[in-house]
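Two complexes are shown next, each including chain A; its partner changes from chain B in the first to chain C in the second.
So, the complex of A and B:
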């Protein structure tokens, strides 16, 4: 746990100094909301399902921007090798990266949700704990899939171009379940089947990196 | 000094389907250094990475500190690796990078240790500058500082004098000499026969995936130790 925490704090410190991951994700999510806000200006409230779609599309693409840069700071000077050689093994290195990705995705999701609710006038009473839960689960799905694929594709040429292409098909289930659950929660429907689907998906992609993390150093 | 730090018996490793190491065998005792020479692409760096557990191996036996090392490649905190890169974050200062390594290796009195190691590599004045402002030679010295900080028993040095000026080469040669005198061991790769003669106890050439042309050395380093 100490190694995970040390590496997590280090990434936070680097982000505070460089502002090249969280800021980028947030900026993209905000721009997407504003563009859709102007483009779909209907003079009144939009359907909650449409807002959920806009929110999740922006969130996934913003998350992708962050995921692409997740291991970017380590590549220039082979820092991953140094981190992996430290006592405690390699697994904490992957876990710390996943935690960092989750924090940034969750923060982006939270802010993007608040802004979307305000811009598209989603009734405030329906911005419930359930929506927060859905966004956190969606962030976890994005972070776990993204960390695994970002690590696996790290040494491939054209990593930054290839990664979104590799990752997007794996995120389609997250997007569908997230959109459906968010829309259902906002309109007072039944979000739980979709939330359970998100939980199952997250579980699978949290376990997979634990099984495959050794390959990250071999590819 | 009779303790064997690392022993390889018939070690093999393929990369991209091509055998890079095939049947590499040697043993290294405490206080001794092995210099591995060889042409570009001969597999010198791969050998060090396999010994350090950065990469796994596919055949043979690898013993580190008297215990078998896992074939999948498991790093060991008692091994220090100096590669072609500094293994440090360019946007952090040298002191911050060393603090990070100090925390990961759970080094006590880390601030004091950092102060000592940056002085030893003559980077005390630069320790609060981000690494991205360092020249190639200074980065190499910074990498040596990292190696000194973690106080590893076995050093794996991949062309450790690349980019260093004569002063830096002399400093780091002294560091290696002190490390060996304290009972540490080192496997060093270099292209320069003069370095091998000066700093190694044994030298071998990595050729077709095997260590060949073994030679015992009694160069300057050994003479200095005896002196």
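So, the complex of A and C:
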């Protein structure tokens, strides 16, 4: 637990100094909202489902930017070797990275939701408890899949290009369930079946890195 | 071994002829779809092989991670390659059948979407194998990736049971939703395609061993050249 906390704080401090992960994700999500705002200046003709789609698309791409940086920071000076060899083993490294990714994804999702609701002003769209829950679960999906694949592709050639290509199909189910649940919550439908699907997918991809962490990278 | 291989090939040839007979002559036209129903048998055969192939890939990957024996990685790679080829066949035959049955080439139905995701995941797996240097590293990375990608297989199978889908459910807990002669043709197509998969696996594994042998020989010669 001590190692998880130390690594978590280390990444937060690095972010405060370098601003190359969370801030980058947030900036990308904001830009995406603005670009869609310009492109789809629809004079109130947009539907709640379309706003949900734009929101999740931005969230997905912003999340992938962050995922590439998640372990990418540790390649210089063989930091991964030190982290893995430090007392406590590799599991705390994986858990700390997952926690860091979740915090940044959740923050990006929360802010992006508020901005999308304000920019598109579609009746019915609002930041409700259900929508926040969906965004937090979506962030968890992104963080768990991202941690697994980012750790795995760490020392591969073309890691920056390969990782988004690999990650995207794994995140499509998260995006579909998230979009459907958000859209259903906004139009007064039934979001719970999609929330349950999101929970199940999150659970699978939270357990997988914990089972396979020994094989994610070799030092 | 050569005699065994000839017998195997003869069995495969005879089996495929029997399957073609059952598909085109032994089963009736569908009351609604007419002769285009026959695409379905190829589709089901490809689906069965894809499922089996990805299961072998996942099992071999798990065995590799447990034992670190590279022969398991060869099995995983060969099976994934063939599984991806059969998933392509599954998607193409599904598109053709969909055009005949639903009047559209494609729809974002849960089953169709899940199958495309599965196909892309294993294409990604093959891409990673291609781009990763070093046998041990490639085998480790690919094994973890295969186990993660395999999650999509049961989800793909269950989509038509969990979500509202226009994709027909053929096998239910109450039996089959089709005529008995069609069931025979369907199982024959599945068995024929599985035989084809077995033969293809044997050829691909043999080819892979030769490829690795040539790679080793090239590396040894380079080493001798440096000395």
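Note that the second predicted complex is superposed on the first by the 212 of 219 C-alpha atoms of A that agree within 3 Å, B and C clash if a C-alpha of one lies under 4 Å from a C-alpha of the other, contacts with A are read in each partner's own complex, and residues count from 1 in each chain.
The rule is simple: a residue touches a chain if its C-beta (ideal position, glycine included) is under 8 Å from a C-beta of that chain, and two chains touch if they have at least 3 such contacts.
Treat the numbers as computed from the prediction; the structure is a model and nothing was measured.
Colleague: Between chain B (first) and chain C (second), which does A:208 come into contact with in this model arrangement: first, second, both, or neither?
Modeller: Once the two structures are laid over each other on A, A:208 reaches chain C alone.
Colleague: Taking the superposition on A as described, I'd like to know which of chain B and chain C A:89 touches: first, second, both or neither.
Modeller: A:89 sits against chain B, while chain C stays out of touch.
Colleague: Of the partners chain B and chain C, which touch A:187 in the superposed model: first, second, both, neither?
Modeller: The answer is neither, since A:187 touches no partner chain.
Colleague: Can A:3 be said to touch chain B (first), chain C (second), both, or neither?
Modeller: first
Colleague: Could you look at A:78 and tell me whether it touches chain B, chain C, both or neither (first, second, both, neither)?
Modeller: It touches chain B, and chain C stays clear.
Colleague: May I ask you to decide whether A:17 touches chain B, chain C, both, or neither, giving the answer as first, second, both or neither?
Modeller: first
Colleague: If we overlay the two complexes on their shared chain A, which of chain B and chain C does A:153 touch? Say first, second, both or neither.
Modeller: A:153 contacts chain C only, not chain B.
Colleague: Shared contact residues on chain A, chain B side and chain C side combined as an intersection?
Modeller: 218
Colleague: Write out the stretch or stretches of chain B touching chain A in their complex.
Modeller: Within the complex, chain B touches chain A at residues 52-56, 72-77, 79, 81, 83-92, 96, 100-101, 103-106, 131, 139, 146.
Colleague: Applying the document's contact rule, which stretches of chain C touch chain A when the two form their complex?
Modeller: Its residues touching chain A are 65, 113, 117, 120-121, 124, 127-128, 131-133, 137, 140-141, 143-145, 147-149, 151, 155, 162.
Colleague: Please output the residues of chain A touching chain C within their complex, sorted ascending.
Modeller: Listed in rising order, the residues are 148-149, 152-153, 155-158, 162, 165-166, 168-170, 172-173, 176, 197, 204-205, 208, 212, 215-216, 218.
Colleague: Would you pull the chain A residues touching chain B in the complex into a rising list?
Modeller: 2-3, 6-7, 10, 13-14, 17-18, 73-74, 76-79, 81-90, 214, 217-218
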